[in-house]
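For reference, the structure is listed below as structure tokens.
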Amino acid sequence: MSHVRILVIHGPNLNLLGRRQPEVYGSVTLEQVNEQLAILGRELGAEVRTLQSNWEGEIVEAIHGARGTADAIVINPGAYTHTSIAIRDAIQGVALPTVEVHLSNIHAREPFRRHSYVAEVAVGQICGFGVHSYLLGLRVAADLAAERRGAAS
Amino acid sequence: MSHVRILVIHGPNLNLLGRRQPEVYGSVTLEQVNEQLAILGRELGAEVRTLQSNWEGEIVEAIHGARGTADAIVINPGAYTHTSIAIRDAIQGVALPTVEVHLSNIHAREPFRRHSYVAEVAVGQICGFGVHSYLLGLRVAADLAAERRGAAS
Amino acid sequence: MSHVRILVIHGPNLNLLGRRQPEVYGSVTLEQVNEQLAILGRELGAEVRTLQSNWEGEIVEAIHGARGTADAIVINPGAYTHTSIAIRDAIQGVALPTVEVHLSNIHAREPFRRHSYVAEVAVGQICGFGVHSYLLGLRVAADLAAERRGAAS
Amino acid sequence: MSHVRILVIHGPNLNLLGRRQPEVYGSVTLEQVNEQLAILGRELGAEVRTLQSNWEGEIVEAIHGARGTADAIVINPGAYTHTSIAIRDAIQGVALPTVEVHLSNIHAREPFRRHSYVAEVAVGQICGFGVHSYLLGLRVAADLAAERRGAAS
Amino acid sequence: MSHVRILVIHGPNLNLLGRRQPEVYGSVTLEQVNEQLAILGRELGAEVRTLQSNWEGEIVEAIHGARGTADAIVINPGAYTHTSIAIRDAIQGVALPTVEVHLSNIHAREPFRRHSYVAEVAVGQICGFGVHSYLLGLRVAADLAAERRGAAS
Amino acid sequence: MSHVRILVIHGPNLNLLGRRQPEVYGSVTLEQVNEQLAILGRELGAEVRTLQSNWEGEIVEAIHGARGTADAIVINPGAYTHTSIAIRDAIQGVALPTVEVHLSNIHAREPFRRHSYVAEVAVGQICGFGVHSYLLGLRVAADLAAERRGAAS
Amino acid sequence: MSHVRILVIHGPNLNLLGRRQPEVYGSVTLEQVNEQLAILGRELGAEVRTLQSNWEGEIVEAIHGARGTADAIVINPGAYTHTSIAIRDAIQGVALPTVEVHLSNIHAREPFRRHSYVAEVAVGQICGFGVHSYLLGLRVAADLAAERRGAAS
Amino acid sequence: MSHVRILVIHGPNLNLLGRRQPEVYGSVTLEQVNEQLAILGRELGAEVRTLQSNWEGEIVEAIHGARGTADAIVINPGAYTHTSIAIRDAIQGVALPTVEVHLSNIHAREPFRRHSYVAEVAVGQICGFGVHSYLLGLRVAADLAAERRGAAS
Amino acid sequence: MSHVRILVIHGPNLNLLGRRQPEVYGSVTLEQVNEQLAILGRELGAEVRTLQSNWEGEIVEAIHGARGTADAIVINPGAYTHTSIAIRDAIQGVALPTVEVHLSNIHAREPFRRHSYVAEVAVGQICGFGVHSYLLGLRVAADLAAERRGAAS
Amino acid sequence: MSHVRILVIHGPNLNLLGRRQPEVYGSVTLEQVNEQLAILGRELGAEVRTLQSNWEGEIVEAIHGARGTADAIVINPGAYTHTSIAIRDAIQGVALPTVEVHLSNIHAREPFRRHSYVAEVAVGQICGFGVHSYLLGLRVAADLAAERRGAAS
Amino acid sequence: MSHVRILVIHGPNLNLLGRRQPEVYGSVTLEQVNEQLAILGRELGAEVRTLQSNWEGEIVEAIHGARGTADAIVINPGAYTHTSIAIRDAIQGVALPTVEVHLSNIHAREPFRRHSYVAEVAVGQICGFGVHSYLLGLRVAADLAAERRGAAS
Amino acid sequence: MSHVRILVIHGPNLNLLGRRQPEVYGSVTLEQVNEQLAILGRELGAEVRTLQSNWEGEIVEAIHGARGTADAIVINPGAYTHTSIAIRDAIQGVALPTVEVHLSNIHAREPFRRHSYVAEVAVGQICGFGVHSYLLGLRVAADLAAERRGAAS
């Protein structure tokens, strides 16, 4: 059986990772995160594709494009977590299992960061563990993808 | 007298139409909606131009571009209905009669879908009738466009 | 096949139409609205019955009476839109397809006019287009009535 | 270097697991969850101790007791997540790294399940992945415990 | 010592300036605003670069791009003032002194225009003075930029 | 000693009982409810008079009329539970012991059905038990009426 | 010049006056209030017509009927003060100067009695002075009526 | 029996009367208001003392000073209506019957003008009738003062 | 067929019954309530077991223990009504028909007593009738238990 | 006359005192607090009994037990201050004068710590003075107890 | 070492003490309170200066004047507790340890009395104990003043 | 043409400037601010008069006094920004162009500092730039004053 395919989406400002507010987000860069994801992907037998965008529309279309090209999604919607119904609708529209991840513990920050439009349509949420949030998210996404493949076969 | 010109804007995720949540949005595709609009446009003597975009910025600029190229707008702002003050300001800025339409009855869904930033600057709103929402919207937009032409002549 | 039957209900204060706040509601009288509905009804092959009432109880009972005598309802609940759960329950009780219409754009007026108890049980809502709101409402009600007939036959 | 020690706390009603609302919580029993945690613990070189309680006071005291006997805590506070400031204060009081886990996606359920008093003092939160929530939680708790050991040595 | 460099960002719909709602925004065009900024820049010994965009993502990236190419930012986020956490995070991410300006007095308009996500990360806010808001903003940004240069040297 | 006299008031839409939303309200008709009330009344030595009305004003006046003709009231105010201060004031005005009943569990339905203007002036509330709500209400109303008679004699 | 004509409307439950909650509403009956109004009317040269109704619809129609038959309205809308948008719309529709009166000080009672839909369309409000509220209301209504006559002549 | 004594207090900014926003407050000056009050006072057999102050502390002390020197108070607290608990406490402290008056209809203006701290401790409120609000207030205050005298004698 | 078995749970502070705030809760003691329940139980052919606890955890476990030992539950959760999601989850977990009762009318007391976490998972609620609330609750619980037995047999 | 008897209750997590968050709660241990209370008790002629519990049910029952064994209560309900209606009801039930104390200034911390269910039934509240809060509380409780003794004798 | 100096500030309406609402505030006069404070001051070795003012500005300036002339402040801000940010800013500005006291239990009165702007900048709050609130406040203020002296020496 | 005249008003606590919370407000004293304003005034050809007051009433009257003696106002209302409707009404009453300034960025501080009653009647607001806020405010006030002079001439 072929590899499961996971699309990892990094939302706005994550290209600044490692340089922006290291006391909140840590000092690892986005390139390093992607490398760690690739390594873990190989270990789990998952093909990992990553994408960073600061554009709400581009993220919506990346999700659309996942239909048929990915088996599950890992998404850190960044600031769009709290404002984008369009991304929420896109996830609901393509009906792929989606894992929401955040570097920081959004439930322990400003009140406006506690509500997530995405959480209501995601399978679940992992937040607060820095890069580990992504790695744990990839683990569970790989399981969800495998399950979905199984159900479809 | 020449045809009135109507710009029909489809907001984010509407490119998924017919494939996404058919129990909410029906099984007609966006292409079929556009065809029906074209047919009704011919019947009403209206030139219908359609546009779909998942990008808030692109919709804002499409509205700007309607000045001088359209006599009225029919818009289904999708998820941006509830979050985009930029689209609202664009409509208010170009001052063209605008009809807001929705496939589903947004007043009978999640609370966050009940408020529309666009409604406050549109002439009126039609929602809940699937493709008919668009067709009724086109009818009334054509009337508003003709009225406006008359007033201007 | 016989004509579809549409009951059009005008809520409180609509008997003042054409004389009350013409800058909000226009200068057409209720009699003229009813005439235009009759004409369009004939065109669409629909039998249109109209009723105006300032009494919540009377509107509730008119809706009850529509069971078996009408195939769809067009209702402008006027001020009761925002305060009457009894009318809402009546509509839900008789289970006829119902189209909510308003002359003015209730979403662009005082905040207390933006919530509609009826909208949550209606098929959809049309507002802001003056008499056109009724005419568009009749169009879509006739379609819904025909569909319902078809499904029942 | 000796094993890290992880205390896993199951809150109220989790003793019903596998029998209560399987459509929400799955059909795995608490004993099976504990077994899977033990297996993963061995794999990660972590000593896992588990505890279930329906009593807020007992959970508070279990957390107090973790000082000196555990290096990190994994807690599913169940219903107390949303009502217990005492548990929150206990976690803050013992100052051990704590991972909050939930079987279901609490952000997609009733509004009163979306706020967590614990989240604000935990390192992070994992929810929505059934038993996987616990397993992912154990993984990250083991890392946090090791880090803490390292810092202290 | 070389000139300080100021990036001035004009948000959505500001390309309509002078033509859109002149009773609110005045009759000066964006080109004229930019010219006045250039003149005052020269007077203050500041290099002024301007940018208008209707796209949230483009504004986010323009702010990212200011790292190393500008010493301070003047931003009129337009409608995004009230909805964009992404722009807020970008400003916080690049850590350049930022002055928020508005043509109109946002505190005297619709309630939804009174909250600014940007204000919480900006040095300060200037609103209500038409083109003067920009010119005052440039003055203070030039001072902040010079201070920052001084601190860094 | 003569029979106690109980007035049972059925509010709006209850004439549809048994035909409207049987999944919520059951399949018993209003006539059958009234019969069961009459039977239980005879058993309890209580004279039961029943009234159904869809009109708020008529219910207000029925309550007024209960002064001197009834010893206690059982009322299912239906939709007026949540909207009628006039009915509340009438109950408070006649100062007869009043029992509020509901067929369905109003506390487990839409939020707007959870607040009752009547509850604040009634002796108590019984809801959720279908026809049993009425029968239990009659039992307790008969007791309250007898008590009142006793106090007055 | 002929007498000014004043319509005085007493809302729901006011027929109980003098018998209902005398500690709140006093012991004067409605008949006595009407007599005092008649006496003061004669003194002021005003023709006073009074009406009591427990029916929202009847009050709406009484207001409609005042067009051409009265020069000003004094209304104590009772419980409908807080719930009836229909009465508000009727007052706004007939555009007669309207004085809102209340026996009790509604601003010092339950929170739900503090908001008045009528106040926003009335000339002013008088409350808290028992029967005096009506008498003061009649005085000012007579003045407003005379002014209106003067303006119209 | 000697004259009743009424203290009339004019709150902040009322010294501007007749010159400030005449479209809201009319063109009569404060001196003219006081003259009309004096005339009506003589007619009613009441001794009227008036005071204007822009200082909350001075108004508080004027109310304190009314103990023993006045039988009732008429107060237009102006802006302090909505912000001063100190004035409210003073009125409650001296326990003199107090009539609250306003020139404009505060219930039809900005939301923050609708709540009155004073109303909850006043006998009643009169608003919306310009100078008439004061005159009606004086009438009712004279009655309340006479009643109080009677009760005390 | 054997007797139905009913578990009656008395929540916190109910052991004080008859001695605590008799003006709110009456003068009957808990022992007397239990006796009356036993008598009515015998009359209805129901085996009644009662339990009082001031401990949330103990109530949760009593509900768990009802699985297989009771056919229905009558619960007066006392103060935990308003604060315990754990008890709510326990009731939902064991899936036994549950009747919520209260001695006092919780809807006519402090606002925080009006919301019940239990009501949303109970069959219905009875409140305000003192000991009668329990007796009526037992009646309906016996019926629900019998129904359940019937369905299961 | 014999000594007054004071029960001092320490709520959840207070057993950690001196070790938990010393920057908030100080470095004095609970044993030291109790010693200081004993010393001051002797000085004031008061018998002081102390109790610490992390269990809401245990605190409820300790309050019940104070009837007849104590003349006043000093309570620091810790986290239960903000969540326990059961403790509030217990205090109200035993009707002993109760003084609420807090080590930290709860009005200057997280918003959820500002509301106290206990405050509404306590005589008063002392907070923010560390151990002094207890000592001042004991002083005033001793006075209240003596007063109560006096009234009862 | 010289005496510590304590400034005691009595806010608005406290000059009425003993005469105003004795059921809420007791029958002791302000002079008697000041005497008791003087006596306790002598006992504690503290120099007590007292001030009563009904003027917010005067209180602000008294606080300013305490810099260098007092070591701690005891303040009963009366009604200004809930409305004055100016007094709060003054306290924060002079940075003297400040104890907030209230005669009545403000947490058990009207909702608007529960929030204190002062509490957030005071060391702590004492309320509900009548004159004792002041005396306890003086005790703790004397301790705080001595501590501060010690730290500064 | 003569100089324009600008009144600069400093609100409560600003006399502490430079000594109070320098981390928020900077270390410049009020005298230094006034000097800088005088210097800039001369440069701009404006006569600058300054006033500091801790008294709301005094500020109200200073604004009244500006009619005829000043052409524009610069005001830093300090704490009264958030609580004084009287100052707002005074500004609206004298109808002079008014610029609101703040030293700190009020939109990035406590929530209660974000609403300004003054902003709604001012031309605009400048905040966050320390002394520069005043200087920028003077610049724009001088322009507004000159414009006003021009319009009047």
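Letters are used for the chains, namely A, B, C, D, E, F, G, H, I, J, K and L, taken in the order the chains are written, and counting of residues starts over at 1 for each.
Following the convention adopted for this analysis, contacts are C-beta pairs under 8 Å (C-beta built on N, C-alpha and C of every residue); 3 or more make two chains touch, one makes a residue touch a chain.
Keep in mind that what you see is a predicted model, and the values were worked out from it rather than measured.
For chain G and chain J, what is the smallest step count along a path of chains that touch one another?
Each step joins two touching chains, and the minimum needed here is 3.
Mind checking chain K against chain L and telling me if their interface is mostly the same residue numbers on each side, over half, or mostly different?
different
Could you give the separation in Å between the centres of chain B and chain K, each centre being the mean of its C-alpha atoms?
63
How many angstrom between the C-alpha centroids of chain F and chain D?
Once rounded, the distance between the two centres reads 49 Å.
Per the centroid of Cα atoms for each chain, what is the distance between chain E and chain G, given in Å?
Roughly 55 Å separates the two chain centres.
Could you check chain L for residues that touch two or more other chains and list them?
Residues 55-58, 83 of chain L each touch two or more of the other chains.
Every touching chain pair, please?
Applying the touch rule to all chain pairs gives A-B, A-D, A-E, B-C, B-E, C-F, C-G, D-I, D-J, E-L, F-G, F-I, G-H, H-K, H-L, I-J, J-K, K-L.
Taking the touch rule as given, give the residues of chain F at its contact with chain C in the complex, in rising order.
My answer: residues 11-13, 15-16, 19-21, 53-58, 78-80, 82-83, 112-113.
Which positions of chain A touch chain D when the two form their complex?
Residues 105, 107-108, 114-116, 119-129, 132-133, 136, 139-140, 143 of chain A touch chain D in their complex.
Give the list of chain A residues in touch with chain B in this complex.
55-58, 60-61, 64, 83-86, 88-90, 92-95, 117
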